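Next up: the structures, one after another.
Paired with subunit B in one complex and with subunit C in the other, subunit A is shared by the two complexes that follow.
Our next item is the complex of A and B:
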């Protein structure tokens, strides 16, 4: 009711500011307005609203046809087009005043679907009626739920914040408490955090137990005033407040979609994305509240003497720097994701409340849209979800770290994921998660991933391998950036400040590498050593083999036999070449670790076992490819002599040297033809003689097999004749 | 009580047979259509509402390599029916030839207890538990592809792998409750 009054107020004040030339324009506008009003006077909907605003208290409900007719009309309009701000004011006032008792009140509340905005004054008046205390408790709950649902559509929040104390007083009412907590969470600012409120919340907590809604509110208080809240807050909390807006949400979504949810451009946020039109979710929706607060700045200052600058008014980086200390965050924290300036702010500011609120917003959106969807997930693959996740990913990419809410979402989502829904986005999010402590990594990450990996297609297997490689790369990069050399303590995530000791970090990396080793071995077995999968696995080991040299992490883990042998006996030369390169890098890492160990006594210790495993693989490789001594006694792969003879393979010991290896045979044939073009019968073994052998190697190296080149240059002593080249594998 | 036995019949050449058991009979049809599109081998799909299967068709029925229980989480009946059907399977099936497929896992109206119960059932029987998005064509195709991955192994079409091996590695485990306060 107060709302139309308000608009004319501002109209008048703006009029006085206008220059003379624009007055005539305004006059014509007003004439048009008057004409419109005349038209609407006959509109049945308008008459219905008039009925509700004028109806006397105590008018009987039963048998009142006029009420029934008008109410049905309002409901029809609400569900089809939504109600205008004025209509919302009138209907809410009618309902909350209980002029005709409780039953029409509930009915009205259920149909309060806003077409665009909700005037703040209407809600303030609603709260006033709550204070009167005549309303049944179930209806009070319904009202607060409604406020929570439309919270983002409220045109300004300053007056609501001004009555923070009144709203807080409802917290003692047990049924209202969860919803009031949620509302307070959305309204709280630093100046609202007071000792007596904290005390009240703690008292409630001791009475009701550790309820998630209380903990959430307390955690926000703690962020604002850590000195007031000494309680320890669990770092992983149950996701957010419960979803309680299902009554209105689907209708609201429908109405807004139909309306195109057009907000006048004067109150639209600059980074608004016109294509997305749903409330609360999916990034930068319109932020009406934000700009209205800005318009009423004079009013705001009555309540807080501190000057605040809304983020929306900043347009350049220098402006951001000037106002960094007094930024007002938008009501919908998700809007930060779409604006680079806001991301800069998040990145450089130490204030944890912004991140906490953003995480809260995200956690809520994830929960509602992906984990527990009202429609059973039919619209999940929609463009909107895709855009949302992409936006989130680019924000994470910008900040170079994942949000904790997306992390805890993933742990839950993996357990109900079908392995294909939004697969690229989910895998990308997964690769952004910060280091997981090794005590938990198995149960929350590896088990669901293992189940998904083994029962999914080849392409999923490749995708997951790539994702795990990226995850490892990020962890190693964090380590090399944040590791403090002296106390071996690394702070991995600047915002959540998870502190981890070096040995803890090493354990997690080790777990991850061993896990991928297991996955890779079984995966190759199931897929018949598919070359594509093998390539992704070798990508991973290219990261693993360089952990010491490239990232300074004192850890060397050699590939398991299930990966080593399929790569060594692969039918494509590229895989063998990459394996040779990986072995070469392992050797470089191990040698430098060894020399460091000699140099400084306190250098890290690489277990004998690692050297043994590596040397064994190296001997196998050299014997196989170079010495033609396959199946020699003492090697890892052993077969009985009788069995080998029975196989009738001639010269079985040479069948995997560089000439007869299935991957290189075609090169050998090609080389043979080039070398002895006049020869009619091909004798590949003749390449094995000392001179053509060195030519053949040169020939292979010129074909781009750099890995093999590095491998042989570091492992085969040059002065030895090719025929009995000695492997230089004695590292221990 | 007539039980379905995994090894009572000889396998046919280049053939894999899967039995889809679903009380609602909603998802199995589309899943079956997606499964038979596989061209490398002959895929036989048998559909059933519940077990036991009628005895009069025993002779004409091929050897069944994999039994899939489809459970719609929004319905308690679906779960109960699957649970009741389990006892008509020969214990030999539980050596890698049974898997559970769950639909509507992300639906808000599903009570958490039911999902936990299904998880517990799959975990105690050491079977894999797959989630499927039955509402979208992509989801159906992906569910069929994942079943085919398991079926291939169960039918012995993948060298050096056995159904028991795969099922043992990919079997459902009971995850810890992340929401518990002790989880920190």
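Our next item is the complex of A and C:
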């Protein structure tokens, strides 16, 4: 259809009179006329577009003023407001069909700045023109670069996915390969991963070497179908796809700003520009919204009877239960962490491939964010990282177990952590680690923790104590539920097949408790027996003392002298009371263990050494608090007589009993005043007489010191007189 | 400890010939020495602590016995401490109870999870048994059918690939022909689900 090239005002009417015109042309003319009446400025542009859509093939380029004029006009509009979707279609078709040769094509491609959206139709057409194969390579590269630049502005992607195979075929072209890989990366879904494609990529790799773009695409394939891609992808992938949009980028942002319209970018990776700091186009840590793999409703596959329901369409727990066996997981596995239904699904169904994919995604996110930040990465993204970790923590809390990728990440991270970045989150993640075999626990966990502990502030020490306490609690809870019989293999994790015997588990717990004992002793010495640290440590030992009674684990570990004595000599009564409570619980546990052993003859054998240690501590405590027999020979705290005399403390042997103890002295004074208000000079030893002593004890117990009450009730025989107290110690 | 150091020094001085020692031995010895050092440090620290506290509180006790204004401030301070300690004790009791409740609930949830997994496993066993029971009769037919399915799936995939190859090799614009277009757009679909 050839139409007169130049239109002027005079010919307007003649055009409308033309008989040889299709209805659509008339209509578009009428529309054009209407538009023209409203806004005359648009007229030349519309006509220019018409020119480009109608120009015949083979029209000469050089010396064609018409072409030049229209092209300049289009470029002007493009650079100022951007081109409308229809304009883009027309111009792209014009360019890629090479109707007027290569040079206008290149010029047009360079000025294709969209104003809002790009119809996918146009891009499909462009790709088909690539198939025709008449376009020179450099222009092909330019076209693909353009597609990558405006990828986020394409209105829909299903047609592009339908021609995935055609796009894939261009991968063999060496110049196009990196860009095609990037485009495929953006388009790939699970269905596109085929064996022959994986083979092709591996072939290319052997030819071109381990190029980053190939590895990226292969890693994506691996995420979707781990069983098809067996090669190991290095988890450190520093460079993303190269930044290629410089030709259009500045103009595009300018246009978008002017239009006030900005679609956030989705999945393009960029690497650090050499000059500017790293541009974070992709939020690695943003948990993507739960979407379905295909943008269609749940439909029956044509030839199979299996109905697959995308997870995003389920909205209630009952719906989940109905469809439990035909759930389709979303393409972006990270989105599972944000949805409670998805977590329910993960919890109930042991879906190996889902977990594999999720762990792979997590591992990648961790690596990108925390282990390869580069400079300035942490400060920029700590808000994002915080959100991510919080979501991950709530997911782990819900599932009551950790993910293997977060575990391996932590072991690596602990070695480089400074102890302050995202401290509460990292410690919380740490407490979710499943039981570590005792052979490895020293090197992978204890060594870095020891280093961090010794060089950190008081609050970090307290935080770490709490973390280790939680870890122990979780291990014990897991054991109490999963170890049904003695010596049976305990599965560590509902998803792994690593099993551990009961003795192995006991070894790990013992290692942990001894490690904490060491940390506690050294920590208290470093911090001068700070009361806060002591409180966290006593929290830990409150958990440890009841391992047998509360959690059914046949293990008793007594606190080391580095913890026992600072607690006994503590200046606040709360700590002493807690120590008394802990010792009381130890005794209960030991006695029940002994009786059980006699009854059932089970293999729960507490070593003689444990009893000895415990007895020693018990005797010391009773002597010290009740019998006023401090600094006896045989105690661990032994000071020479001369030294004691030098200290100028009369009756030093009574200096830590319930009356003179630093923690209780104020109570003694208070009691003394209440008991004998008329006395002027205070003689605290007068409390030691039998009647005041029992009143004093009553008084102490009513102040809330239940621990002391239990302790003395179980350890002191009925007489309850000061100085006469017999302690019933457990002898073997 | 000091004896050991002295002995080691002697050994080093008088030793004429070099004694080879393995790293693992020395590491073990190192561990022993480290724990020995820690043990002695702890004892020393505890002794110092006991002595210090004893002296300190004896002095405080003496101060409290008097009736001067300093003693009064001390007494006021100790009253405040006692009140705070009662508070702390009460809160600790409450938190202990709550913690116990939390642990109980967590145990119950974990138990529930374990039971769920067991039930799922049982269900799968039963379902596979049922399938087996039904398919026993039609086993041969089913196998043949599956083999056929596999064959046709491969044929489809190959045909799709070949057609794609032909289209590419011909270097034509298949969009212009509606029939070709329709066909080409379906070349990516796999009609038979895996």
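Everything that follows uses one rule, which is that the second predicted complex is superposed on the first by the 413 of 732 C-alpha atoms of A that agree within 3 Å, B and C clash if a C-alpha of one lies under 4 Å from a C-alpha of the other, contacts with A are read in each partner's own complex, and residues count from 1 in each chain.
FYI, contacts are C-beta pairs under 8 Å (C-beta built on N, C-alpha and C of every residue); 3 or more make two chains touch, one makes a residue touch a chain.
Note that the coordinates shown come from a computational prediction; the quantities given were computed from them, not determined experimentally.
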- Does subunit B (first) or subunit C (second) touch A:569, or do both, or does neither? second
- Give one of first, second, both or neither to describe whether A:370 is in contact with subunit B, with subunit C, with both, or with none. first
- Message: Looking at A:667 after the superposition, I want to know if it touches subunit B, subunit C, both of them or none. Which is it: first, second, both, neither?
- Response: second
- Message: For A:137 in the superposed arrangement: first (subunit B), second (subunit C), both or neither?
- Response: neither
- Is A:166 in contact with subunit B, with subunit C, with both, or with neither (first, second, both, neither)? second
- Could you let me know whether more residues of subunit A are touched by subunit B or by subunit C? C
- Touching partner for A:525 - first (subunit B), second (subunit C), both, neither: both
- Message: Which partner chains sit in contact with A:421 here, subunit B, subunit C, both or neither? Use first/second/both/neither.
- Response: first
- Intersected contact list for subunit A, partners subunit B and subunit C 522, 525
- Query: If you look only at subunit B, which of its residues touch subunit A in the complex?
  - Reply: 74, 104-109, 115, 128-133, 135-136, 138-139, 141-143, 145-146, 149-150, 153, 158-161, 166, 169-173, 175-176, 178-179, 181, 183-184
- The subunit A residues in contact with subunit B across the complex are 210, 234-236, 238, 243, 246, 370-374, 376-378, 380-381, 408, 411-412, 415-421, 443-444, 447-448, 450-451, 454-457, 522, 525-526, 528
- Query: Hey, which residues of subunit A end up touching subunit C in the complex?
  - Reply: 124-125, 128-129, 131-134, 159, 161-166, 169, 191-192, 194, 196, 301-304, 306, 347-350, 400, 473, 477-478, 480-482, 494, 518, 521-522, 525, 529, 542, 550, 560-562, 565-566, 569, 571-574, 577-578, 630-631, 636-639, 643, 647-649, 652, 655-656, 660-662, 665-667, 669-670, 680-682, 684, 703-706
- Quick one: which bits of subunit C touch subunit A in the complex? Just the residue numbers, please. 38, 41-43, 45-47, 49-51, 53-58, 60-61, 64-65, 67, 75, 78-79, 81-82, 85-86, 88-90, 92-93, 96, 103, 106-107, 109-111, 113-114, 116-117, 120, 157, 160-161, 164-165, 167-168, 171-175, 184-193
